[in-house]
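Right after this note come the structures.
What follows is chain A paired twice: with chain B in the first complex and chain C in the second.
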Partner chain A sequence: MTLKLYLDNPEIGSGFDAVKASLPGADQADLNQLRGDAMTQFLDCGIPGPKVEEWKYTSLNFLAKENYAPALRNDDQDEIKSLFQRAYMENIAGPVVVFINGYINRELSSYPDEKGLSFTVLSENTEAFRAALETKEGASALNNLNRALATDGYHIDISAGTHLKQPLQIIHIATSATDMRSLRTRTNIMAGANCKAEIIETFIGAEGERYWGHMISDVKLDEDADVTIYQFQLQGKQAIHMMELHASVSDRATFTHTSLQLGAEISRTELINSFTGEYAQINLRGAYLGRVKQSHDIFTRINHDMPNCQSDQLYRGVLDEGGKSAFQGKVVVARDAQKTNADQSNKNLLLSRKAEANSKPELLIYADDVKCSHGATVGELDADQLFYLRSRGMDEVAAKGLLVAAFVSEVFDNIADETLRTSFREKTGDWLSHEVTA
Partner chain B sequence: MVATEEARQTVEKVAEEYKYGFVTEIETEKAPKGLNEDVIRFISAKKNEPSWLLEWRLDAYQKWLKMEEPTWAMVDYPKIDFQDIYYYAAPKSAEDGPKSLDEVDPELLRTYEKLGISLKEQEVLSGVAVDIVFDSVSVATTFRKKLKEVGIIFCSISEAAHDYPELMKQYLGSVVPVTDNFYSALNSAVFTDGTFVYIPKGVRCPMELSTYFRINEANTGQFERTIIIADEGSYVSYLEGCTAPQRDENQLHAAVVELVTHDDAEIKYSTVQNWYPGDKDGKGGIYNFVTKRGACRGKNSKISWTQVETGSAITWKYPSCLLIGDNSVGEFYSVAITNNYQQADTGTKMMHIGKNTSSTIISKGISAGHSQATYRGLVKVMPGAENARNFTQCDSLLIGDLCGAHTVPYIEIKNPTAQVEHEATTSKISDEQLFYCLQRGLEIEDAVALIVNGFCKDVMKQLPMEFAVEAQKLLGISLEGSVG
Partner chain C sequence: MLEIKNLRVSVGDKEILKGLDLTINNGEVHAIMGPNGAGKSTLSYAISGKDGYEITEGTITYNGKNLLDMDPNERAGEGLFLGFQYPVEIPGVSNMNFLRSAMNSQRRYRGEEDISAVDFLKLIRSCAKDLNMDPEMLKRSVNVGFSGGEKKRNEMLQMAVLNPSLAVLDETDSGLDIDALRIVADGINRLRGADKSILMITHYQRLLDYVVPDFVHVLANGRIVKTGDKSLAVELEEKGYVGLGVAENAA
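Let's look at the complex of A and B:
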């Protein structure tokens, strides 16, 4: 009668045994030990099933049947070049680091070289790799799976007081040689006191392949630090994209995460944030646009464990024919976190009969002197607005496009850099114009 | 209970005529502790039920055995031992009660006084064996006569099983299936009391119906089952519960309420729940696990739930609407107040299935002391539900820094023509508001009651007049001791 909460797939365990000798760092006994432990923890826990509340809107049933072995290195230069060109923002000056199929690519990368910034690629530094694979208390099942099988990633250390002059671009490419394989990377970002940094991450992949891009990030902000992460998710149409980010934010620091989800068949963005100091701020913003079998799942959690902090969440969804989305945002205000300000806003636009939007903005509040609110809406385009534009001679497609673009653009209003803001808007526009031709 | 004043006068008159009343057979028998098929057979035999109902109960019991207790609600309580509960106990006879008001808990009397309940009624409520028996039987008789004239069926569920088996078979379990959840299955197996109401076509029920007037309502049932059917074009307003504090020795309550509206019919269901919430340290108190659901089966039909939840140690309750008929309307207005160590996880489900359906949800949660109040709601628009509309507002007020207020809304939309809005806020009583009231000479408790009443106004104004006045006072009383 009752469904099993967690699913098993013994193939994942045996698959790990088959590949572990060929994983990066396999010659290091302690790395092997960490990977083995992580796999044991994953197998002990199992794959979250549909009855696990956190995974209510994204089914991991495929994982119970399929094993995604780590992708192999690839050097099809033509394909890499074309994907790289689509992802690279050349009008944004600054270093760029490229991972292909989950491995660093030296030719396309230009490592940052700035005073106060230390950039390390995991596969090139055992120390950093070990730190990234270290056991995490209370880690999720998928985090443990990632630890066991991660092939690469990066570690950034920004020393106190450093203001990075240029944003750092990171591009994750999946080539067509990745069918039924996984790309697992890990990221560590340590932001020192009073530093300022911007990181732009782009995920892109070959269209026809069913691959699984899976990244886990840990971000730590010291006092007064200001870190902004931008993410463009442009994965291939058949792909699975999963991203889990943990941020801890100290006194007076500001962490901002802005994402745009356009690609992948199944995408899941999990942002777990905690305040470790007072007067700090967390801003989470994002837009997700989906059609044809696409499913986007945004899962956020903000732990207000400290008083006087502020969090702000703004998510906009546009769902067309066959698109499906879920926003699950949870704000937890602990007993002592007085003077907390928390706001969540999630609005969704349904453009077609076969679209679906789910929203679950949760507030759990244990302190009394707080201001917390959330709002969620789902609806279609306003007929009056559409009529207004049509009456001024705009055709229906253009009018719809304009309204949808305006609906989404709020998410990007606060991006200071104009080139970047334009880039977010253009990519949204590309998606919309596709709709028109499709 | 203001309106009952008139009723009481009628009663006293009628009481002389029907000196012995229609007292149903009362035996002080108890079924043995625990739950098994024999206990269910015992209950069914006591109620002299037809065999189909016994079979239905036994089937429900078998299903219940295979189910697990839900754990998803934000309530925390020691595990219930379902074999350590009496599932059937005949109502206590009057002699067991206190002999006069002097023997009644003064705390209880003080509350009655604050609610403005008359002395006579105080005696009845606290179970005092009064000389002139205030006979609810007689009240009910006069009322039932009046109702019968217009063809309304208003009786206990056991009577309905006898007298209207076809209606019962048709509607029992039709809105809340046996296996809907753990507690609905338990209720289906052991329900011992409840109300059955049928409003025929085109009839507007001439009075507010209330369990209070029904026969055998001396003890509020532990496992109540209520069915209300509003046939085409009919209207009924039903009141459940009572503002007066109710003491009950049964700790576990698991009621099921099923409402059905046909074309153009409307049911307004109002609840004031003020069961024993436990003492200041959280000891004792009622566990209240209720499944309430209404099905708007007909076109243009409407179901409106209004609830004021102030009692019980644990409240687990989600009055829902299935909006099946085109143009049907569902409403949910709720005030949930928790104080001391109370925990309430309550909300609603609005399932939009038909075209042009609309729903409104207004939920006000107030937590004080060490209590936890959660709003948990679902708004679901199915692919075929063209032009569905929903507006949801959930506000929480926190009084003191040891309590919690939580909002867990689910919004699931599968039709692009839907317009769904949800908003929620959480805040505390502002110091400015309090200061303003105090400065004008209000006592702090009165000031809090005033502010809280203002906060709840949108819901309170939905209550029938009979309830509204007392419910307002109740808000203040429930929050006593939470400020200052």
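Let's look at the complex of A and C:
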């Protein structure tokens, strides 16, 4: 008997047939063709099962029998407004783009209007949509699923030499009309030579619904580009959150990804990075905080195919009772990638004996003149530190909150914008005293 | 007024304090001296409520309230400050942020408003200046990379900012050079006042040259075995615990 690695899901196939005529761009034959091909590719493969190494810490068995049809548009203004207000950082000047249930919302959005920046919403531009749905060589099964059913997304083109004056805020909202449905979006970011850009992305949703938020991003940095993506994951308590990002980084370019995982029942952040030039840098930083029934899975891969590049990974996890996490960080240094400098650090703090943190650093080094480091720890709060704080007047929750914030603070130390840095820190510090994550 | 009656405290299976009585009235400074292992630190932890120090008998009340019913932070809210023998390092938490959180926690406990950022800054700067402390230390992580003397000075800073009405100082003088000792002593003397109760736990008579106590107690084998005025400390220094008839604890 052969081991079945992937789980068939015929529900999704018949679900697709039922909705394909109503998907955005359904009147375009070529888009339909791309979606259909993508669905065939997905169905040929299936949902990754527990024996797939990359998914060993997050079981998707429960997805095998469900359809998760695309969410419908929603215009419950009160709910949208309250979720928007929780996500929107008004202290950060700049444009904001809002997607609701996987569809652009024009009323709440103010598209960026800056010289050298072209911002396109997929559902408003067939060409961009087509590009986003095009077959990707070696795409994962879930990426193909996303291609087949993506309802919207955005495409950003930053021309050479453009330094964006303001960060771009993108907010993805899931309302309570999303139960047992999916929100699939796609993002393309093309960063021209010597440009500089910051994108702040926030995912937020209704607390009581089981929805599947699923976003795929492709980021391409040309020479000397400097792109930073910040992500706040504040999804509803029962949500499934999946984020798969592919970055390719050219000569002397710097790509930085900083994320905070607070919400969702199951979250998976997959960051696949490659160097396509020399003297470039990739920084991946993140904090994940989980409790009761929550599971956060961070999966990173850095392909050092070129010499003289640097990568730095810094992840901190905090797990309270019933919380679970996994960090899988793989660094592959090719034979010719001499003078590679790759650091990786993953530390976890367990606030309860009924919490679980998994850490799996993986370094494959085929070059002989490189500097690579990795460190993984799992520990508990220090009782003496806790007592010290409490003896000064802080109650247990406040004292733990301060220690938790301190534990993860390193992740956010390098954020230049103080408002943003503070926002990351406050959300982290507040986590212990807030039942609802926001 | 702090009143400790017939206090028995165990750590694990071992009884450390064996029926200790002590009363400190408002305005008084008391010193407790004693040989190693006598239970001096245990007393300070029992008063402040550290986990693992089991009170098997007796009472501790402060201004008539039962401290033993309270969490450590509630005791702090009631005005208690514990000066640590070994102040704890807390990486990632700035001294400033730590002290403001502590202060506001205490104020909220007492039903007071939070202190404004401006007022807090003024207060902490003035306290740091009194202690001859580099303002840069306020930005650094709590006690991280501080020398022994700097840590004790930081304890005094916290005490000055929090302005407790009951201070228990556990060997605050240990490991200090003469200049640092003077600064710490000045800090304690500044706190002294009609509404304050201060308990200094110390190994040596040295600190008592700078902070003259109203009462000196000798703690041995889990009880107070002798009480006197400052001259008792001088006598101890001359004759030692054995000379005073206070046997060293067998290890």
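General remarks:
Heads up, the rule we're going with is that the second predicted complex is superposed on the first by the 422 of 438 C-alpha atoms of A that agree within 3 Å, B and C clash if a C-alpha of one lies under 4 Å from a C-alpha of the other, contacts with A are read in each partner's own complex, and residues count from 1 in each chain.
The rule is simple: a contact is a pair of C-beta atoms (placed from the backbone, for glycine too) under 8 Å apart; a residue touches a chain by one contact, two chains touch by 3 or more.
All of these numbers come straight from a predicted model, not from anything done at the bench.
Of the two partner chains placed by superposition, A:418 touches none, neither chain B nor chain C.
Partner contacting the larger number of chain A residues, of chain B and chain C: B. When the shared chain is aligned, chain C comes close enough to touch A:385, but chain B does not.
Of the two partner chains placed around the shared chain by superposition, chain C is the only one that A:395 touches, whereas chain B remains out of contact.
When the two structures are aligned on the shared chain, A:365 is found in touch with chain B, with no touch to chain C. In the superposition on chain A, the residues of chain A contacted by chain B and by chain C do not overlap at all. Chain A contributes residues 382-385, 387-396, 398-399, 402-403, 405-407, 409-410 to its touches with chain C in the complex.
Chain B makes touch with chain A in their complex at residues 66-68, 72, 74, 381, 383, 396, 398-428.
Chain A makes touch with chain B in their complex at residues 1-2, 53, 335, 338, 348, 350-380. Contact residues on chain C toward chain A in their complex (touch as defined above): 48-51, 71-73, 75-77, 81-82, 84, 87-93, 97-99, 101-103, 105-106, 109, 141, 158, 162.
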